[in-house]
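Read through the structures below before going on.
There are two complexes below, and they share subunit A, which is joined by subunit B in the first and by subunit C in the second.
Right, the complex of A and B next:
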């Protein structure tokens, strides 16, 4: 039996260990990122030695300048940004209403539908990428934004629908009924009541979709010829570039990802529904 | 509601930006059916592309009123792309230059044209030993373009400090590996032990140097090679398991490894870009019977179904011409497939280039067999069991010999 003294002691230990543990975890998470940034900003003599220093001794922008001047950044960035954003918008527009409907189905039907959605994702991507690519090439979608967006939608829609079904499930039907009692149509109840309070779930789904599309490699490999997306360009740098330019390229790529995550994470608040059906 | 509006505004702004960017993209969806566009697939580094764009492509474009659209595709990805296009009935790549270690899947899947009837277009100055690389079952599928061979890199400073000289035979190799391990407590010699094509290449060299045949695998030479590797392995660097064509440069440059073999592009990565002038190169060591190096490099192929076959054939001839080969030698320090194309290379590159030429003289093409995937796997599995895990040499090689015999009959 746990006494009050024991639980006080445990609380004290947790309080005492919280910051050291948090700092340790942060250290392990941030060190690889720091090394990447450091390599991108260091002169070769700092890195190509048996015992590289932890701090930058010979600072240089040369590797960044080479990448920025190479012409290998802007077009792939543009392609990936456009594809990821349009994929996200379309995925939310398609999956949100669908997920809402699924979430209001009887429990058994709901799980059958969700399972059938996931069934499409049970095959390894490399296995289905070829037949999908063949059909897309037949439809003249090779090397186009449209082709890549459609391919990414194939990949993300089941997951995003699943995330959103979970979100809508937590919203009590009483809220919609209350709105409809007050004269709102089902559509109005959905857009003015349900969607606003499911923003946190939608934000999670949007971040997930955007990052999935931003990082997607397999379909891009099959469906790209001349204008590469960022993951393909990064692959190229890793295989064919030097270490410093690879590090500079990777550092530059991390910036938009960090920005998008930072912008959207503000919507990831727990307890969004607290008080929603009170008073 | 304020939050909803904010969120919608954010989404709207993102979409607007996307549409603006999309508008600037120059029409990614516009069908690319301009007349006389030749799509060329190569796997090159940025510096190499610069030479292609500046010196190689323009004269051909001008002479043939054609626009060359160059596409970067890695050798391992070429079969995937061509297969998808072939199955869709729309071949969008007109000509490829492909790593000669990755040809079998293209022939097996029927993705490239049989070029036997164009054999006479190979200039007589092309080294005859390069032609069999492109032959499968008596048919010529690929034309010679760029030979390549692994050379041995070593850290001159570290060797001098240890009072050692680069090894010229297996005994010396073992002595050097032992000496560094004793001196520093850690191995400083590495071979590529990633258990894939990189290791296969090294194993071919060791087996052939001992007079063996890697396709037989349990002959006297193979037994000698694996026995030697088993003896050498404890003195190798721990990074041997992670050393491939890419990381070997890194290990040499950051002085994790003092001696290792790699392709000559390491010269520009380690010495030119990395500024590590103490990393020198020579042709390598001989085995009990001879010195042998796998003949690597690239060959030219034409994908089946290309709508621009005639133009592709013309470009193929152009790539083999003296004019182009001289550019590749002088600007990129690539060994040439022609005997008459050796131009001037920069002074600092000359010792490295000499090492390449000496290694090329002892090079042998890899056999073109359709069961190559089985050979690759058998060699690497044998390496893992014998060299890494220490299993007995002869019985293990007998097992893999039988596997290869079965694969041959498939």
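Right, the complex of A and C next:
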């Protein structure tokens, strides 16, 4: 049966343009990543020229060796890594119990609470970071791990709470009730039944939270004088106009994010997307 | 008191999160709004001096319009292209899996890094100018970061690259939730491709479009890293303007005024959009 939809003009145009468009889109998606890696692996004469070539003509590991040997990498890396890890652990400890309670609320209340979590996203980060920075100066928290962790929690807590509410909603309430009928207390039912089942969901949420902190730029910028995190170190080389260093640092910053995105892609559903839409 | 006793465990579990959000998000925002009405020298409240000051600054006016233009053009392009790609992905074609994997690339790249790599492309001796030169479209390299509309378009492009895939996946989830029978019915009734899209797909997709648009609008208004890295001080947006007032001019009070205006803009947009789209519910 030939329906009208198979034969009208628009359908023909779509059919004709489909592959050229698909290829063009894929090209655009790939090019910036290719260029970043290329810059980090090209000899200066390939880059510092009026007419840079599109392929790598003079391959070199020098920029990478320089980054790894210079000693400028280790401290920022350590700061970003430690801050992201502690932020994640605290975020889980604070958000998981709260998210569980929210997930067991009546539907209307739950909806309101989730909406108010979302509401925190409307506040401009520069507006939150400003008073925090002003107060942290007085408290001597600039340049410290503690200061940055406290600030990153602002960013990640609503995100992780929101995701975990979704995780706990999928666990049937009957399970805990059955445990309580068998004589378990509320707390035992929680720690021995609910949390073990939701462990994989919590783990995935933790990994994405870790990335949010690992990439974080705005709060770090407000709260740092000299002890730079990895994103700030990258930005520092951008400001200095050092392409090779900034490209190498960018690649280091990207590796964990890219790995997680591809390995955990099946979890990238609406909840994560809307929470992590900025990445 | 009885409520406290019955729900003691629940309250204890909820309290840390609530306290943190109040202490580290809600109070700072209130603090910022308060500071924006405070006299920088005497601390007197309320005063409009900070607002008068920034309204008189050219930087602020530029920042305001730059934010509006980036949001306007950016959202239009991202939503249109995102919808087209999402519609492409609803079709079953060879290489659909590969196409979907490609869409994950920008999501695996931090925003800051996407900004950095765009500087290589849009630099005066960068790859875009080289491409245009080789295609004989330009003779003299274009200074993309030099200010004006071309700089804003550069920022829009960088933002599009990073977020369009997420727009695609959000809209695709909406498209996949539309039952196939609806399309069958439209086809039996002899609807053309355009009619099906306009009168079946679009209205059923509206909740997804609203959600995506609001999420994107919030982030577009707050855009910070991309203009910071790509354009620096030459092309301020409201976020970077607020940062400059604090960092370069050491004036937290005017910075607070800038942030407050940004917050008001976001609120006006969201509630305005929801108001209009609720009222026009019957029209579409």
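Note that the second predicted complex is superposed on the first by the 200 of 279 C-alpha atoms of A that agree within 3 Å, B and C clash if a C-alpha of one lies under 4 Å from a C-alpha of the other, contacts with A are read in each partner's own complex, and residues count from 1 in each chain.
Note that in this section a residue touches a chain if its C-beta (ideal position, glycine included) is under 8 Å from a C-beta of that chain, and two chains touch if they have at least 3 such contacts.
Nothing here was measured: the structure is a model prediction, and the numbers come from that model.
Residue contacts after overlaying the shared chain place A:144 against subunit B, while subunit C stays out of touching range. Residue contacts after overlaying the shared chain place A:221 against subunit B and subunit C alike. In the superposition on chain A, A:44 contacts subunit B only, with no contact to subunit C.
In the superposition on chain A, contact of A:81 is made with subunit B only, not with subunit C. In the superposition on chain A, contact of A:180 is made with neither subunit B nor subunit C.
When the two complexes are overlaid on their common chain A, residue A:30 makes contact with subunit C while staying clear of subunit B.
Once chain A of one complex is fitted onto chain A of the other, the partner contacts of A:158 are limited to subunit C, with no touch recorded for subunit B. Of the two partner chains, subunit C is the only one touched by A:94; subunit B is not.
In the superposition on chain A, contact of A:52 is made with both subunit B and subunit C.
With both complexes superposed, C is the one of subunit B and subunit C in contact with more subunit A residues. Touched by subunit B in one complex and by subunit C in the other are residues 49-50, 52, 130, 133-134, 221-222, 235, 243 of subunit A. On the subunit B side of its complex with subunit A, the touching residues are 1, 3-4, 7, 10-11, 14-15, 17-18, 21-22, 24-25, 28-29, 31-32, 39, 43-46, 69, 71-72, 74, 77, 80-81, 83-85, 87-90, 92-93, 246, 250, 253-256, 269, 273-276. If you check the complex, the residues on subunit A that touch subunit B are 44-45, 47-50, 52, 70, 72, 75, 78-79, 81-82, 85-86, 89, 130, 133-135, 137-138, 140, 142-146, 195-196, 199, 203, 221-222, 225-228, 235-236, 239-244, 263, 267. Residues 9-10, 13-14, 16-18, 20-21, 24-29, 31-32, 35, 84-85, 88, 91, 93, 95, 98-99, 101-114, 116-121, 125-127, 130-131, 133, 141, 161-163, 165-166, 169-170, 173, 187, 190-194, 196, 211, 215-216, 218-219, 221-222, 224-225, 228-229, 238-239, 242-243, 246, 252, 255-256, 258-260, 262-263, 266-267, 270 of subunit C are the ones touching subunit A in the complex. Of all the residues in subunit A, the ones that touch subunit C in their complex are 3-5, 8, 10-11, 14, 18, 21-22, 25-26, 28-33, 35-36, 39, 49-52, 54, 93-95, 97-98, 100-102, 117, 120-128, 130-134, 150-151, 153-154, 157-158, 161, 186-187, 214-215, 217-218, 221-222, 231, 234-235, 238, 243, 246-247, 250, 253-254, 257-262, 265, 268-270, 273-274, 277-279.
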